[in-house]
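Take a look at the structures below.
There are two complexes below, and they share subunit A, which is joined by subunit B in the first and by subunit C in the second.
Right after this comes the complex of A and B.
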């Protein structure tokens, strides 16, 4: 099986996508970087389960599938910006900070709300809601079936 | 301040301001970077541990709250309980497999108090002798099998 979680390298396709990803555009206009012997890029660390951390290149095949699924599913969870509306809750149970107007939030199918960065970090370790322990993928599927 | 320190700072504040019954954090024990705490725990009134005082040690990794804290009993009085080994290690699923970042020092302490309170007979785990001889110093390294939901 191909390594779908390969570490980003210089010829990564994402560099072709243009301005959406980074604001380092002005850098791209400068002179080309000096030639460098390519050193093995530092592989990003993934967490197949909360207490197991592994660089991407050491993941087992099962773990790669697990992580790839999580990456794919997270994208389908609705996001939003905190507008001061209290029915979405007002504190993130992960960092225990109050939501501040304009912060990015993510809404889980079980109706629990977290900072986007906080919950995405957790979902990459375990696909469950930290507050109710509901498996998020099951709930995501039911929400598709009913709507 | 790292996100781990920030969150622990909040927890410490809440726990010192509004501590649940029988849980007292030893603020002097809290290390500079917040990564080690000692919490005093008192057996609940009416339980087999009524009037006993215990000490819990908490160690947090920089990845807390995504990583569970390392929690064990320390000091002269280790509760005699079917889920507590004589070296202080605790067999409690929320400390490893069932950890969630929405849990906290307070909720862990309350779980342990309630685990003690529901005990019917003071005795050590059946495999205490062999476990204590062979285990790692870090209880998180133990492959726990959670089988007993009664206590």
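Right after this comes the complex of A and C.
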């Protein structure tokens, strides 16, 4: 998430500079489309292994496979909305904020619960529950087998 | 959102540590304007060679905290197998998260986003008492620790004395 934000702010600056150079140009409405084109292809950043961060378009084939698998597994983890009476904890251990009614939550197979945004960002870096250090994929596979 | 999250999380920890200080260290900001640079003072743990020492260190947090770990660098000279000569602390919980293909460390031994200034310092204090010579950051210190305990004791005692002088 942080990287997306940074990428966007960098673009904002370039937009500002771009419009300065266009000073005095009556057709001020002209420029936006090309800038949007430039913003659109900016690839999300992934973390295929420790100390490695790469935009999607520079990933090796193995890394692409690893990330595709990871995205696929995350999608299968149950999620829901905090209803205020959940017994599975009231606080997200990642951001240390209390759950608020209506927030999206993600439930890991080890029964730990986090904000969906907080844990999804983390799981893309490490497929481990931050609270119990249980590898999520192993737990996921066994829960599939038993069900 | 992430930048705001890391800022708020660190602010919360600072307030909590000011309200309920933890035994064994004190912590604050290096510069009141910068939430991402902390200065901590570690008291050499009792019943270890480091007892009586005052060791200053900096914790530098990335904007991606808590998804990425901070760096910890001792400012006071300290002789220890897991602390490099430039002061950088090398323990697995401060290593970037994820599984590396060489299997050097399991993901569960690396950084986790639930670590706080307090849990990091508790680990570092226990590392002072109990060095790990499997992956030393200071090879000389690891060798001396393993092969010549008396010399190791002497070298550490020298650091402890020096650290006390700095606070007189």
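Quick notes
In this section, the second predicted complex is superposed on the first by the 104 of 147 C-alpha atoms of A that agree within 3 Å, B and C clash if a C-alpha of one lies under 4 Å from a C-alpha of the other, contacts with A are read in each partner's own complex, and residues count from 1 in each chain.
We adopt the following convention: a contact is a pair of C-beta atoms (placed from the backbone, for glycine too) under 8 Å apart; a residue touches a chain by one contact, two chains touch by 3 or more.
Source: prediction; values computed, not measured.
More subunit A residues lie in contact with C than with the other chain of the pair subunit B and subunit C.
In the superposition on chain A, contact of A:135 is made with subunit C only, not with subunit B. Legend: residue contacts after superposition of the two complexes on their common chain; A:95 is shown touching both subunit B and subunit C.
Shared-chain residue A:127: touches subunit C; no touch with subunit B. In the superposition on chain A, A:51 makes contact with both subunit B and subunit C. Put simply, subunit A uses residues 47, 50-51, 93-96, 118, 121-122, 125, 128, 130-131, 133 to touch subunit B in one complex and subunit C in the other. Residues 1-3, 5-6, 47-51, 93-96, 117-118, 121-122, 125-128, 130-131, 133-135 of subunit A are the ones touching subunit C in the complex.
Against subunit A, the residues of subunit C that register as touching in their complex are 1-3, 5-6, 8-9, 12, 63-64, 66-67, 95-101, 107-108, 110, 112-114.
The touching residues of subunit B, when paired with subunit A in their complex, are 3, 6-7, 10-11, 65-68, 96, 98-104, 140.
Note for the complex: subunit A touches subunit B at residues 47, 50-51, 93-97, 118, 121-122, 125, 128, 130-131, 133.
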